[in-house]
Amino acid sequence: MLVVMQEGASEAQVQQVIDRMVQLGFNVHRSTGVVHTVLGGVGGKQEFDVATFEVMEGVQEAHRIMSPYKLANRTFRPGGTVVKIGGGGHPPVEIGGNQVVVMAGPCSVETRDQIERAAEIVARGGAKIIRGGAFKPRTSPYSFQGLGENGLELMRAAADRNGLLVVSEVMDLTQIPLLVQYADILQVGARNMQNYNLLRELGRIRKPVLLKRGIAATIEELLLSAEYILAGGNYDVILCERGIRTFENYTRNTMDISAIPVVKKLSHLPIVADPSHGTGRRDKVAPMARAALAAGADGLLMEVHHDPDHALSDGAQSLYPAQFEELMGQLRMIAPAVGRSI
Amino acid sequence: MLVVMQEGASEAQVQQVIDRMVQLGFNVHRSTGVVHTVLGGVGGKQEFDVATFEVMEGVQEAHRIMSPYKLANRTFRPGGTVVKIGGGGHPPVEIGGNQVVVMAGPCSVETRDQIERAAEIVARGGAKIIRGGAFKPRTSPYSFQGLGENGLELMRAAADRNGLLVVSEVMDLTQIPLLVQYADILQVGARNMQNYNLLRELGRIRKPVLLKRGIAATIEELLLSAEYILAGGNYDVILCERGIRTFENYTRNTMDISAIPVVKKLSHLPIVADPSHGTGRRDKVAPMARAALAAGADGLLMEVHHDPDHALSDGAQSLYPAQFEELMGQLRMIAPAVGRSI
Amino acid sequence: MLVVMQEGASEAQVQQVIDRMVQLGFNVHRSTGVVHTVLGGVGGKQEFDVATFEVMEGVQEAHRIMSPYKLANRTFRPGGTVVKIGGGGHPPVEIGGNQVVVMAGPCSVETRDQIERAAEIVARGGAKIIRGGAFKPRTSPYSFQGLGENGLELMRAAADRNGLLVVSEVMDLTQIPLLVQYADILQVGARNMQNYNLLRELGRIRKPVLLKRGIAATIEELLLSAEYILAGGNYDVILCERGIRTFENYTRNTMDISAIPVVKKLSHLPIVADPSHGTGRRDKVAPMARAALAAGADGLLMEVHHDPDHALSDGAQSLYPAQFEELMGQLRMIAPAVGRSI
Amino acid sequence: MLVVMQEGASEAQVQQVIDRMVQLGFNVHRSTGVVHTVLGGVGGKQEFDVATFEVMEGVQEAHRIMSPYKLANRTFRPGGTVVKIGGGGHPPVEIGGNQVVVMAGPCSVETRDQIERAAEIVARGGAKIIRGGAFKPRTSPYSFQGLGENGLELMRAAADRNGLLVVSEVMDLTQIPLLVQYADILQVGARNMQNYNLLRELGRIRKPVLLKRGIAATIEELLLSAEYILAGGNYDVILCERGIRTFENYTRNTMDISAIPVVKKLSHLPIVADPSHGTGRRDKVAPMARAALAAGADGLLMEVHHDPDHALSDGAQSLYPAQFEELMGQLRMIAPAVGRSI
């Protein structure tokens, strides 16, 4: 770590900082400049709070040098992680490899008929994985809250019939056993990105986890949340950009497309994009899906419904089947420009 | 609800919107202006998604009229809610009444000695309630994670010895029974503000809940989360402003002091402020505590430690005992200016 | 306009709102619901402040219906605007037509040699317009502030020799005559987006204006600023997305790619993207340039320098010549997917 | 400056960074840790771009040590600056001293009668300075744009009659001579905070400048803008917090009360708060004015109008005369708690 003392900091203040660094196990190198004294610390423990130094008397600024995540860091696996999903009766799907993977389906599983139609549409369009929620976190307590286990059963059956794999959200650690039974990828929603008890438990299972970025989470915080899962021994983590909250509210969120190349540089984990939640408006899904692919995303997660006008949730951001098909065609044209197929 | 059609919207488009409104149970009043047609809907169901209309062809904008929360709305209890806490051996404490209530203590319970000292300091200073975490949500998996039940035992004993009540965080719905046993107020942390399963369970208990605003939550979303608890029959909800995330990062968060008068207008629920998390820096706690009081807060939640330099968590934002005492003196001077005592 | 009264608003309060609306020239339609009274106003003046109604007693919410910009609104020219640039000795360039236009060059004009090399590089790569600053708005008063008129002369000569047009920033209304003399497009920087005196003067000239979105400007505010120029009779306005300020600070700004399709829907004006300022980092320019094109941008504005490591300003976000060439190749592959050429 | 190399950075990469640092005039100290190599630079030039290092191969992070502002830094005048205003016939007013100074008046000067009434109201309430705009920067080109020089004349006369000093906004460098003639303090609006040509000219005059924080400006940027004025030799700069743009939009802006103690620590310049623009709603002005004072503001800038319901601009955020008087009474009660008078 590095501590820069203020201009005119007293020798006693410098000494106090050094003492604290030593307490934390650092070897301290002092460099006394004309204006500022700088203290460099090497080898101390990683889990200290850098703010402790920032509020000490005479300190101008303090910086942690080691990135606070280790297993999620690109240096841990410079070649990048390819998450392999499925198996059994299904041809396995890889996320993070050459092929860009499309996951599509309705916001919620509503009825057998609805999910069967969705499965057909997305399979025909070229998606490899179907998405659909059985437990819905809703801002209002008066909204539709999902079908629960029955929804998972219906989606699994529809997926199997159409050669698709399944991704579905786990809202709570008590739901993990159920999700593991029905889904190929367990999704952690944006609101749960820092539900550490849940993340810790997901570190103990052996199924891939799709971790969505919280709407106010920095990229560093997203990687720290991934670290919770990796630290438990589950290395199959797929990150997902789905929009952050900004002052602009024409779109529900502002999709941070630049997070895609940034994550690629900082981490070895694959990253996909969710333009449906990223924008909240059907007419913006296609442009943002194309943009995410052009920026280097490893996959796309999108809401498609056979009849969005009557969807029980998120209808406004669900694509019509024809829109989905047209978009898939555009994506196939863009992929080669970034050295990928779809 | 209200839908404003675009200039030049076709009659067919208008009719489609009317049909959708009727489907949702609204009586529709149409007003055809020179430029815009406006459709007003009365009496429909409350839990529809306004975006459904926003993406329809020919629609310029759509507005929900009824606020999406009912029980948290000021119109539900125009006189305001006073939450009564404690009883048994303790003199009850009221939050939302004339007296401004101070809750103070360490970030985490660390040892018996530490929490006993903290209890003495805060009781002597005039706090009525001690705070302290037994389960710590930490951004990094490598940081101190709390003492668990033992921490709760130690804090309860220290509180009882000093005539204090106890507020402590519940991280997960599985922890509710334990917290109910030891704490007088169950705190929901900012990261859990939209953990709806947890909120729903807290609606079923009969102990007050202190609900912290998420760092990216609008005031409306905070009130909707309170609604989850109220809807379960637990009306003793105390809201807490503790800083939002903005582009400014000199302070860890930007404390939204204006949320205090805004909540007072929109809702009947009491609101307290947490300047420790709101700023993340000890030297900013006192000014922001004074500001929150001056803006009308019903209480303050603050971190105080007998030895912040060696705290296991949040040391940088914990007040020294002498700072806490000095601040309490200032607060006593300000309270009469807003017609309160402390 | 629409005013929604609070539940339980008194008749006197309703009457006061009606009176105010009448004062502003509105014909008022009153609709009295079971819970809320709604007042619709038609035909009043456009330039009122909607907040005037929001703070009136008994008012729950107030909405302006007419969008506050008229000339920038898509309804004004549903087919879209194509800005024609240049002429004279140059083949004219169109922005907003089928072809996506690339504008590239250094941040600042530094020397004759530097701008000549830049012109060669960008012309060879396929750019039609060279960019370069002669007057530099710098955050610090101690940084390089530009070559002034001499810079413009050098850039004009280099552009002419390479068959390029010129875009350059006007910082101040006193500089307009000078810029008109040398540049084909006058650029208004993000910090000047709401410099209304400058905008008003630019409405009086007959050269195209490239108007950059301010880092904290909503899309509506960007269109209102364009309205200032259009209202003066200059209809050749090109909008530019160049990143907004958010809590994420790994990138200098967060480029709001979704602003591109949003502007396309709301306005007839062409919109280009500036991934150099949008990210502030050279290694993120290519992915974001591709993303902007895939999302529907009409052009790209990028910084390229023959030797970025020794640029006097913005070196960190300037592309190396080889990077620029490689990127142009990728862009040519993506353009057909959105029905464009480059 | 400090550069931290990535884990595994090659010797050649380290050498390139060292070379660049040497080019910029730094003496380089290298410290080779087990994981990271850290390069410290001393004595180089101040006006370099730290991003230049961030994008170099093998670099993990780079930090500037010297704060980029020198004259605005608290170390330049540890005791703090007291700006003395007025003189001539008026008793001088000090901002930054023990007394908290209230500046109040209408948004715009509208008529002789209106400004005369305003002057009486604010003088009677205890304000020392009258505010009022003669040139109005308005988001829409169709709104009232101010009375111009005539407005200044009317305000000067009203101020003189009531023993008040005058603060008024300068929108453009061409307006400086006019403003200097009529006003005692020249106000730079939030939108002009980074209008560097204007700031530079204001450095050459000898009247105090009130510099408002831009809605998306960090505190560091505010101080850098102040530096432009100070660097010209005008040391009488008063900073002003007036709200920043965040995702919360119940209030027009989010007033960053914590900026007040932060500026006090970083700089010697006085800081005042503008709760009228900070909130945009009359009913929030009083709580935020009290909060700003309690947090340590040196003054308050507020909008008061004898008849806000008919104000030509900003009526919704202007206090009624009776509200202003009541607020002044509350402020007088709070001031002693922070060791001030009013």
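Annotations for the structure displayed:
Note that the chains are named A, B, C and D in the order they appear, and that numbering of residues resets to 1 at the start of each chain.
Basically, contacts are C-beta pairs under 8 Å (C-beta built on N, C-alpha and C of every residue); 3 or more make two chains touch, one makes a residue touch a chain.
All values reported here derive from a predicted model rather than from experimental measurement.
Between the contact lists of chain A and chain B, the overlap consists of C, D.
Chain centres here are means of the Cα atoms, and by that rule the chain farthest away from chain A is D. Interface comparison, B-C versus A-C: the higher number of contacting C-beta pairs is recorded for A-C.
If you average the CA atoms of chain B and of chain C, the two centres end up 39 Å from each other.
With centres taken as mean Cα positions, chain C sits 31 Å from chain A.
Multi-chain contact residues of chain A (touching two or more other chains): 216, 245-247, 249, 283.
Residues 2, 4, 6-8, 29, 31, 33-36, 38, 40, 42-43, 60-61, 63, 65-67, 75, 245-247, 249 of chain C are the ones touching chain B in the complex.
Interface residues of chain B facing chain D in the complex, by the touch rule stated above, are 216, 218-220, 244, 246-251, 254-262, 265, 278-279, 283-284, 287-288, 290-296, 330-331, 333-334, 336-338. In the complex of the two chains, the chain D residues touching chain C come out as 20, 46-47, 49, 51-52, 54-55, 68-69, 137-144, 171-174, 191-192, 194-197, 200, 214-216, 221, 224, 227-228, 231, 245, 252, 280-283, 309, 313-317.
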